[in-house]
């Protein structure tokens, strides 16, 4: 599979992550994501979705296994190499990670400023994103004074701001109603069309039930047998998870 | 270009957003510089006063007879062989008598009828006024005793002992206060940096995750620190100068000012303090972010 | 309606709340909730759901109108009266408000400790709730080290710990998968059966589509025409909201 | 019962959880008490030294003839009428001669052949040694001058002026340092409280929302503050005592110790400092939570 794809954006090989003392967040996970693909990652609460995404932007390092993003081994990457890679990744965190005292515009601009974009570009892109997410009137509002759903959209806007090659969205619609979720998904699809790779962790079946996108499921840290013929995951994953549930 | 603009923009925005905590830091630095330079000033003036008091310091070498010009040169040579001194003065019997008369003041009538040369001639040796000299004064006196024609060597032993211990005492007091204050200041600055970092930890971590370069994260801290060090030290020194001026006015004309000739720091010292504070603050806040760039 | 009900737990009359400078979070909202009722509050992101719940536990005061909880006017209540009332209200916050350094058990215990419950009772109740929410193995884990879904369940457990008379749950299943959501809803129903009043703000239609519970919808700060004959809400609410959407 | 258990349990848990910040606060308090008591000790000893030096303070009233017993009593009465004094001593011509001879030391042979009563009799008045007296000494002298049979009143005017200005100077220095340090300490303590409150703001707000009573929230702060004040002030005083002891050892036998008879605080002062620190800290941390109980 990996060999067939034109270019591989994300490659995980037998990755395990254990939090001290003994929380096996990920076990032997292998997964590869083609460049330009939109992938949904599902799984019960505590299955390890967030952990997987955190490995991809190296906020967490794996105990075992190989993590490659855009062809670069994250274990061997240099400091400035990592910084450059991170500017090509946009992550919408499950807990948003907004700066509550900064205004909405400043929060979004941050992602572009660290890449030394021009102020004029930053302003234009910020306005465009806020427009798309129906938050234009909150431009100057401090992020801490928004409702949770509004904050979630700001987090998504920040992740997309820099037109990253890889978008990681962690539960992007958890605080959004159906209508607003649709807005967000439209934005995601647009970026997919423009060539970005997207990995979306969600438990909301409605997000992926309609389309022909690949969906992988984590259960207790293991990838389940894939739904559309993926060669990832281990056969006894479901059995293992049933034991763990006891 | 874009880099510089981004850095300066961020610094200005930070200053504006966190102005209350910035003001706190500034106050801390001002206080620290004030405290440090206050004690430094006291110490310097104490040393000066020590010098000044040392004017009374001399060894009197009583001779058995009035020395002629060549003998005077001989004495001078021998004394200089032992140690550098500030001044050597020859006092004849006659001069000694005059002085004694003056010292007696209103009781000088008791001297009436005495021969004018009943006091012996002497050499007055003024050693260099430094603490080091004071510690060697006993040896010096012993050496002078061995010179030919010397009756007796006298010096204000008790007075010197007292003065010497007093200076030692003051030195200990100043050093102790200095240490205590250094401890306090270090503690305060560390505290302030901790407070700043704590309040900005989330922001810095986020910048890391967004892929900000080390310079982008650290340069604003460096600029901020330098600015605070500069402004803080200038404020501190200005406050000290105001104190100092008031102080001098307060004691103008009193005997104390004759005893201690108060002076402020000379310009080079002022500049050194400001530069040191600026570099320290800039460096301090720069290095305090090291932990963060390792994320 | 208010007059007919055996006892009214929550009564809002023409309540308005405006955040500075001019965010009209709630406008002329009137609503009454019977004791023992389970009420669902829906609405788009930013509609004012959280604001309404915050008024009920007086973390926020209204600009206009009357707010009564358990028969007490929240504007006139005394300091210790408010404290006693708050102990009878359990709120699961949308942003959880857990103490990240405290363990899961300590977080849950907090709600009971402020009511001076016996340590033995606290321990028993904590274990029971963690059991029900499938989090028994996280008893000693610091709350900050949990996945978001797990944190959400802890927030719910804390809200229910004291067996409050009024439960306010703000988006309680936003980070939970279907299966875990069911566990939570079971817990809620159990408390309803035991006589508690529940107000659940959510955008998840699946939570209330099945049952015969009352659902009210907020749109841009106004209560919509009620679905089951409520006398609350103003007629032109939908028109207003369409204007605001522009 | 449940209340007490909850409170104490919470206090202990807080202490355990936030021990690093607690240690910081403790250090702050220790430093503050140390600094305060250090300067207080210096001030007290300086005042003592002033007393000690004042031993040399006397007015010499020269009389035209030796006063008899009744006249002596008359003088005594008149002097006491003006002011309380410490001691009055009558010196006859003979005694004055003996003293002068001793003062001349190795030059006493000049007195040979002089009549034993060439010096006038005098009264030596030792005023009470206090700064207040020093300021009135000129008036005292003028008064004594008006007594019958008085030739001349003499006192070490220059010396007194010097000493008086010196004490004033030291007082200003100590007060200035004290002010500076008070500022610093206040600042540090406020800083620390701010740090603590900041880090626990979310917790306290949450407790509020859960319906915790005011006592439940504030009692642990009160206990914590009292504990820290107690331990901190004891540590600070202990550190000062160690310093003091080292200091006294260091200067044992030198002339300075004769000049300044160093003493530590008496027990009541020590207890007062500890009590005050405890109450201050308890009160401070109690009141700092006031803002929170208003939520």
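In order of appearance the chains are A, B, C and D, and numbering begins at 1 in each one.
The rule we apply is simple: contacts are C-beta pairs under 8 Å (C-beta built on N, C-alpha and C of every residue); 3 or more make two chains touch, one makes a residue touch a chain.
These figures come from a predicted structure and were not determined experimentally.
Chemist: Trace the shortest sequence of touching chains from subunit B to subunit D and report its length in steps.
Modeler: 1
Chemist: Centre to centre, using CA atoms, which chain is the farthest one from subunit B?
Modeler: With centres defined by C-alpha atoms, farthest from subunit B sits C.
Chemist: So how far apart, in whole Å, are subunit A and subunit D when each is placed at the average of its C-alpha atoms?
Modeler: That gives a centre separation of 68 Å.
Chemist: Let me have the rounded angstrom distance from the C-alpha centre of subunit C over to the C-alpha centre of subunit D, please.
Modeler: Between these chains, centre-to-centre, one finds 63 Å.
Chemist: So what's the Cα centroid distance for subunit A and subunit C, whole Å?
Modeler: Chain centres of subunit A and subunit C, defined by C-alpha means, are spaced 30 Å apart.
Chemist: Name the residues of subunit A that each touch 2 or more other chains.
Modeler: In subunit A, nothing touches at least two other chains.
Chemist: Two or more other chains touching the same residue: where does that happen in subunit D?
Modeler: Subunit D, residues with two or more chain partners: not present.
Chemist: Please categorise the chain-chain contact pattern as a line, ring, star, complete graph or other.
Modeler: ring
Chemist: Using the contact rule from the top, write out all pairs of chains that touch.
Modeler: Contact pairs between chains: A-B, A-C, B-D, C-D.
Chemist: Quick check: in the complex, which residue numbers of subunit D touch subunit B?
Modeler: On the subunit D side, the touching residues are 24, 27-28, 31, 34-35, 38, 42, 100, 107, 110-111, 114, 118-119, 158, 161-162, 165-166, 168-169, 172-173, 176-177, 180-181, 183-184, 187-188, 191-192, 194-195, 198-199, 243, 247, 250-251, 254-256, 259-260.
Chemist: Under the stated contact criterion, what part of subunit C meets subunit A in this complex?
Modeler: Those residues of subunit C that touch subunit A are 19, 42-46, 50, 94-95, 134, 145-150, 152-153, 171, 174-180, 203, 205, 245.
Chemist: If you look only at subunit D, which of its residues touch subunit C in the complex?
Modeler: Residues of subunit D touching subunit C: 2-3, 5-6, 10, 13, 17, 202-203, 206-207, 209-214, 216, 293.
Chemist: Okay, in this complex, where on subunit A does subunit B touch?
Modeler: For subunit A paired with subunit B, touching residues are 57, 59, 79-80, 82-89, 91, 97, 99, 101-102, 106, 110-111, 113-119.
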